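Both complexes shown next keep chain A, but they swap its partner, so chain B is in the first and chain C is in the second.
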Partner chain A sequence: MKALMSLGALVGVVGLLLLAGMIFDVIPSNTIRLVEGYMPMQMLFEVGCYVLGFTGLSYMLNAMGMGIPRFWQGIGFWIFFLLYIKYRVYPPIPFSVRAMYGTVGLVAVLMWVSANEEDWKKFKQPILNVLDAQTGFNKVLRYVYLVALPILTWGFSYNAMMPKSEEPIELRTVHPAPPASTKVHGKTYVLQTSLNPYRVNPEGKYDQEYSNSLIVEQGMGRLMKPNANPWDEKAEGYLKYVREGGEIFFQNCHFCHGDNLNGRGLHAFAFNPIPANFTDPGTIAQLQETFIFWRVAKGGIGLPNEGFPWASVMPPWEQHLTVDEMWKVILFEYWHTGYYPRTWD
Partner chain B sequence: MGVVTRKKLFSIIALGAMVVALLLPIVMALPSPATGEEAPAAEGAQKEGEKVEKARDVYYKTEGIVVGAPAPKTTDGPADYPRYNFESRVLLWFANQQHLYYGSFVLAVPIFCMIIEFMGVVTKDKALAKRYDQLAYDFIKISLTAYSLTAILGGILIFTFLTLYPTFFSYLSSIFRPVMHIYALMFVAESGTLYIYYYGWDKMKEGFLKWIHLSMSVILNVIGTLLMFLANSWIGFMMSPAGVDEQGRYLGNIWHVIHTALWNPLNLHRILGNMAFGGGVVAAYAAYKFLAAKTDEERAHYDWMGYIAMALGVAFLIPLPFAGYWLMREVYAYRQQMGITLMGGLLAWLFIIQATMIGILFLSTNYYLWQAMGRMRGAEKYQRYIKYLVFLLACGFMVFITPHTMVMTPAELKAMGGQQHPVLGNYGVMSAKNGGINVIITTTVLSFVWYMRGNKISTVSWARFGNIFMGVFFACAYINIIFLAIYGYYIPANVRVGLSVPQVATTLSCLFFMFTLNSMMMKGAKQLGPIEWGKISARSQYALIMLATAFTWMMGLMGYIRSSVRLFWHVNEIMRDNSPWAYTHTVGFAANVISANVLFFWISILFVFWLGSLTAKKAPVEAKVGVPGAIPQPAGSH
Partner chain C sequence: MQNSGTQKAGLVLSIAFGAVLMTVGMEIPAFAQGGIPEGFKKGELAAPPSAEMIEAGKRVYFTKCVWCHGVDGAGDGPGADRLWPRPRNFNQGTFKIRHTASGELPLFDAKKPVRGQNDLFDTVTHGLPGSAMPPWEGILTEEQRLQVLAFVTTQLVKDRSFTDKQSETQTILNMAELKPKSATEESIKRGAELVVEKKCIECHGLEGRGDGNAFNLKDDWGFSIQPANWHKCWNFRGSRQDPYSVVNIFRTFSTGINGTPMPSFADNTTIDERWDIANFVNSLCERDEDGKPLSIDPLTDKPKINFVIPSNMVEGDIPADIEDEAWKNAPRRYVAMGGQITHKPRNFVNRIDDIWVRSLYNDKSIAYLLEWDDRTKSVAEGKLPWAPTEVNIDIQEQEPTTGEEGSIAAKQNNYPVYNDAIAIETPVKWKELPAPIKPRYLFGTNEQFPVDIVKWEADGSIRAFKGTGWDKDFEERDNYEEHLKVLKSEWKNGRWYVMIERPLGNKKDQDYDEDTFFEVGQYIPTVFFAWDGHNGDAGRKMAVSAFYYTFMNPPIPQETYIYPVVIAVGVVFLEGWVLTRRANKKKGKTL
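== the complex of A and B ==
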């Protein structure tokens, strides 16, 4: 048990040192990389390791008679967590989310320190000591608080009320609800029931199962399946349409959406936000094909009211492409990213 | 003996009267040629030669004879939208929400009464049976005053509709005309049954009469549930109309009008929601009484009452997210755009707030259970592990509340390099959120298991094996839930949706198997000490109040979301809202109105509690037991 706790303590100390290095910019925050594809779990795993490390550290310090009071354990852990989400995770997390996480962290710490009567007493004792002010030190501390707290409150209020020249916060709806139907080149398409006419099997019938079997493989490299190369001159049917879609994509779309469809094209960083990253599981992977058709056809200008502030510069492609070309380019996007369009069955 | 027989006779007559009251609306609803009313088909036959217009049902796609007028095309003016110098929609919102709060409460509490009274009847321990009976009586006493208030609020709601939205209300009434009187009669039946049930409590407290009394509670709840189903059919029709043609003309089939695409999921969701809400309110009542209690006996009683109410509320809270999931699935199936507006579009931010409230509910429950372990000797052994449960809950909670689209300044957006955060963006999609909530629920189940075995040591020969099995089962459950949440990223969205099934199954397996196994292991277990009712921290009671407040706030929020999803329609795609308020409020404004509703409800229900305490004060106080750990006795009696 002691050996295990010692190991935990070691993990805790090393982790703290690493974080301190990242905060003071001694160690770049990508020294221990967040591995693409595994980052969300890695972050939780790291925090879990820290928790175990701190448990070991606390155990060892107690054994050495140098135990940290529960009050400072709680406060310390919360501060650690705030620093972790600010300095460890890259790219930086927006303040609104850090505020949410910080609040959850605070609630969790309070739940922990007040889970039983004994711990709760230990936690609140330093606060009560200052309030009671039985010793000279506590008396001074109480006076400090008496002066500091109103100043802090004043400072926060001043900061909150002071007019700012920062850009306002945007509550953007990335995927606004589509209309029930959309009219493109004079024809009405019902979004719930319309199908991509090029998603067909060798018999020429709509077959998503068939097309799904020919898309690139998910995972590292996004490799083409054997005998499913759209650029093979002999490719027919679905694969031929994918190739045609690809040609259209590289003639029109890749300047913004990138040659890897990850939203990092030549012009991408001229825009804010940058164009949609189709390889992200939160974009085309969770939308119906007809939703994409509507967005491509109508562009940023065709976003509904709830798409405020309409932060999209995508042109309405119906003015530049035919209906068939739009369907084919969508076919290519799904094929290339290895995702399937969303269906409801 | 003669008195008993007479009582039996009266009780059977009362029960019979309730059954008749229950069946009366149905009998009244049957078309009767004797009264001159004829079915539309017969009418059609009678007026031979006259042209019968037929139209197609917008949802069922069946043909029917047009028997109603088209939905009115309203215009903004005093004829269709008379108003005061205030936003009519907010007034209606307020009236509706208050009626719903009280309606939910008075429908839920009798179900609790039924369960607790039944537990009292079947319990062999007489002292315990008496406690259950007293508790059930306390519950119904609270709901009785609330019942009158519900009726008053229902009246206010109808007047608000008639005053502010007369054209819309008259259209809706014309559609539901065939069942309007059933609704009214159901309400009369509910009132009569409730009063007999309440006032007959003392007279029917033993033997056969008690069973009759219990049967009355069953009938009371059947009536109440049917009443709610009927009310739900109105909102179901407004969201997903059926039984009418494209112009909104009634086609003569009332079952189609009632049985819309969303009716059944709404019914289930509301039953569970009402129960969880009712449990929360009663728990808060008990917490309030506990905090105000002056004697140990009072504290013991209200501690116990709070625990039972909380346990019942949470029992219905656990399946609630799954019922909500079904409702959303049906919404998507009905109209994709409605689903996207809710979960990915305009109202998605409100869902993040909802997720936060759900998290608070489960966190409060866990916290209460940990506090409750403090009143049993022997539970100390679990205290050191609580920090790990806190960690699991916090992780699940953070994932659950992470928004898919983050609120940020353009500078933050630029620094992030895209709309989705590469690390946290993945928490924003359903796969991760399912994992988050299932981890939270499984942890809650684990807390319950610890609570149930807190002061006991199993004496069964296979105790060691049982403990290992339980540990492994929980560990596997966590691994499975988290694995499926991650795996969800690597498969298509429609398959990913299906992954929620094994995740839910894992959580429910923990709930049922672990509770069952734990009960078997704890049968005849050695007690390390009694549960010292009343010796619980005040913090636990604040957790109960928090639980109830979160329930109330969440109900208000979800009601608003459900109603807002119709956007500018009174009846979706049938009758357009042409009032000046046919727009969606900002999140901040909606949150303020919801908070005002919650505040009003809690102030008014405190008044109801106070009224209840007046009757208790007049009643004689039964024998008190002052020994800690002994059976707690109520402060008042009936």
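== the complex of A and C ==
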């Protein structure tokens, strides 16, 4: 038990040091911060670990006779939580969202300190002490509060009322509902029934199982399967078309979507929001191939009204590419990221 | 505190270093030992990588690298012809960023992924900013990066050999023992004199904006190459994702850049002089109002962007002098520019990649001060073969596959020259678009939601247009141009300074069918377009920004002073109430 608690304490201390490092920018921000592709679950899991760590830490401190009063534990954890959501993630979470999480966090802390009558008393005690003190330090503290509170309130509200020029927050629909069909180069494609004509086995038959067995492997690097090199001269069917799609991608798309399809292309820094990251499980991995076909063909300009704001400079690729080329690029994108397109069933 | 600590450590180190030098000095002549330039030491090629590593590296190469660098590593992959600079041709074994003497192979050891001691590994890890080579850290594991380099150095480098200790020498810049000189004013001043003396400015330009002899320089493969712009250190190829570091500048200056006209200065400068120059070059890189380095966005390795361009109010006329207090106090914003690659003709290589914008307004008009680096002043000779309103200009975009001769890199020095130009686009009916909605960024949505475009060209003209769609010709607003003013337009040492003044719009009846009404305290979507005449930019071949916002800072309303006081007084009453209640409770009374 003791060993477990000291392990927890270690986790707590290391966590606190890491967070301090992030706040003061001692730790390079691009190594330890959650920069992209993180899941809310990951943050929740981390906070959970911290809670366990702090439990251990508080146990150890108690054992050493240096226990922290419940009052300060509660406040300390809330401050920790606020700093955590502010500094853990890059780009930073907007203030309005953090305020929401912060309130939820405060409620959680209050529930914890008021779990039973005794705890609640312990928590209230320092406040009452200050309120009731007739002599000594607590009395001084009370007068300090009496003066400081109005001044601080005045300062905060003045600050809040000063006109500011912060970037207005824009919400946007990432995956607007697609139309039932789309007309590209004079031909109508029904999104529910269309198939990628290049997802074929060497015999030329549409074969999703075959193509899925040849995509790159998940895990760091996402490398191609051994013996499934699209650049092999003998490559046929699916793999050959993957190479052709890649050629088109690197002549047209990588400028924005990047050499690793992660939305960090040559021109990406100039755009807001930056281009879609296909390696993120929230983009092409969640969509049908025909949805991608519609988005590629029609671009940002073809977004439906509910796709407001049109914050997309995605070209309508039908202006630049043939239908075959677009299907091949899509084939390549799924191959390179190692995702399967979603199917209708 | 941190500073004094570093200084102390530096002092101790320099004393130690001096002591070492003195003992060495007794045995060997102080300068250049056996033809080795100052600051370098002899080294050896690393052991060749194992066959398994090379085989594993091949798999990495054919997943990630082949698309630009090509099947044989000749820098001729499918993406190559639309890129400038072109992807590296590995065959000759010529690599730019090294710790080795000029002409030598870079440091590479397949077993030692140590920063600063493994040049090729650092290049793959951190990428080459300003080119299409991205940082592969976080995408490929350390092992995968070493594997792919094992493959490249043994199989794709053909004219030289990373494994032949007979034919290749290694003379290594001994960075571990060279400690940066602190960037005092004196050191920077000496550096400023040295860049003139060492003729750096012949290529890098009088102000270091890379405008000297621009586009006449060629690399080993005959492609145009441009000298670095010292004011944009985040684009330094060798910046290793640490752009404000003098160490990288010192290294590049000491070793030169193989395959380019940038020589090594190791033989004709002392170490001390090299630090002075590095300190000077580093001091030129753009900084914020307080002289601090700009914060770099880890997602893009470029300066962080603030999308709001605040405009300060001035009384009376807007000053035309950049040195005026009002302009000096106006906040400066970095506006990132990318190539227009949405509609034909796409601009795959935009030479203008940022603009610095400031703004002021008075009761009648608003002025923008736009400053951007452009290595060449371009004014079209004679009349342009199209009307200024024409959008669908017949300019060919780069074909995808042309081979080296027809590639975009081969064309950089011989485009027809058009006018440099800049334009500010604002939506006309921004108020009728619900808050988050913007018009199409390229030349407006349609007749119902047009945009107001003010365009200045290097021939001195300024025009106002109405744009109604990406492929619709502009409509010229003849009667409006007399309201526009160019307060300043000057090209100096590789930089344009253009100040444009325009009316705030029709305030009286708010009938804004044609021109944007600039309203105080509102976010007005603003887009910038830029054309570099020597890049053959015209029509839709241009550089574009994302949507920014012009925000005219309102005067502070009176409520700001009153309400906080009211709230504070309220808090005092609340405190009184709580305390009284508490006191009564203790005395046994209840309210």
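Here is the rule we use: the second predicted complex is superposed on the first by the 237 of 345 C-alpha atoms of A that agree within 3 Å, B and C clash if a C-alpha of one lies under 4 Å from a C-alpha of the other, contacts with A are read in each partner's own complex, and residues count from 1 in each chain.
Operating definition for what follows: a contact is a pair of C-beta atoms (placed from the backbone, for glycine too) under 8 Å apart; a residue touches a chain by one contact, two chains touch by 3 or more.
All of these numbers come straight from a predicted model, not from anything done at the bench.
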| item | value |
| --- | --- |
| Touched partner set for A:Trp78, first chain B, second chain C, both or neither | neither |
| Partner chain(s) touched by A:Val174 [first = chain B, second = chain C, both, neither] | first |
| Which superposed partner A:Ile274 touches (first chain B, second chain C, both, neither) | both |
| Touching partner for A:Gly258 - first (chain B), second (chain C), both, neither | second |
| Which of chain B and chain C A:Glu166 touches, first, second, both or neither | both |
| First, second, both or neither for A:Val104, with chain B first and chain C second | first |
| Contacts of A:Leu149 with chain B and chain C, given as first, second, both or neither | second |
| Common ground on chain A, meaning residues reached by chain C in one complex and by chain B in the other | 36, 91, 166-168, 170-172, 272, 274 |
| Residues of chain B defined as touching chain A within the complex | 332-333, 335-338, 340-341, 344-346, 348-349, 359, 363, 366-367, 370-371, 373-374, 380, 383, 386-388, 390-391, 393-395, 397-399, 401-430, 432, 482, 486, 489-490, 492-494, 537, 539, 584, 587 |
| Chain A to chain B touching residues, read off their complex | 34, 36, 39-41, 43-44, 47-48, 51, 55, 89, 91-97, 100-101, 104-105, 107-108, 111-112, 114-117, 119-120, 166-180, 191-192, 212, 218-219, 263, 272-274, 276-277, 280-283, 285-286, 288, 291, 306, 339-340, 342-345 |
| Interface residues, chain C side, partner chain A - complex | 59-60, 62-64, 66-68, 71, 77-79, 81-82, 132-134, 136, 138-141, 144, 241, 297-302, 305-308, 310, 336-339, 341-344, 346, 348, 350, 353, 400-401, 435-438, 440-442, 470, 521, 523, 544-547, 549, 551, 553-554, 556-557, 559-561, 563-565, 567-569, 571-572, 575, 578-579, 582, 586 |
| Touching residues (chain side chain A, partner chain C) in the complex | 29-30, 33, 35-36, 90-91, 131-132, 146, 149-151, 153-155, 157-158, 161-163, 165-168, 170-172, 216, 220-224, 226, 229-231, 246-252, 254-256, 258-260, 262, 264-272, 274, 299-301, 308-311, 313-315, 319-320, 336 |
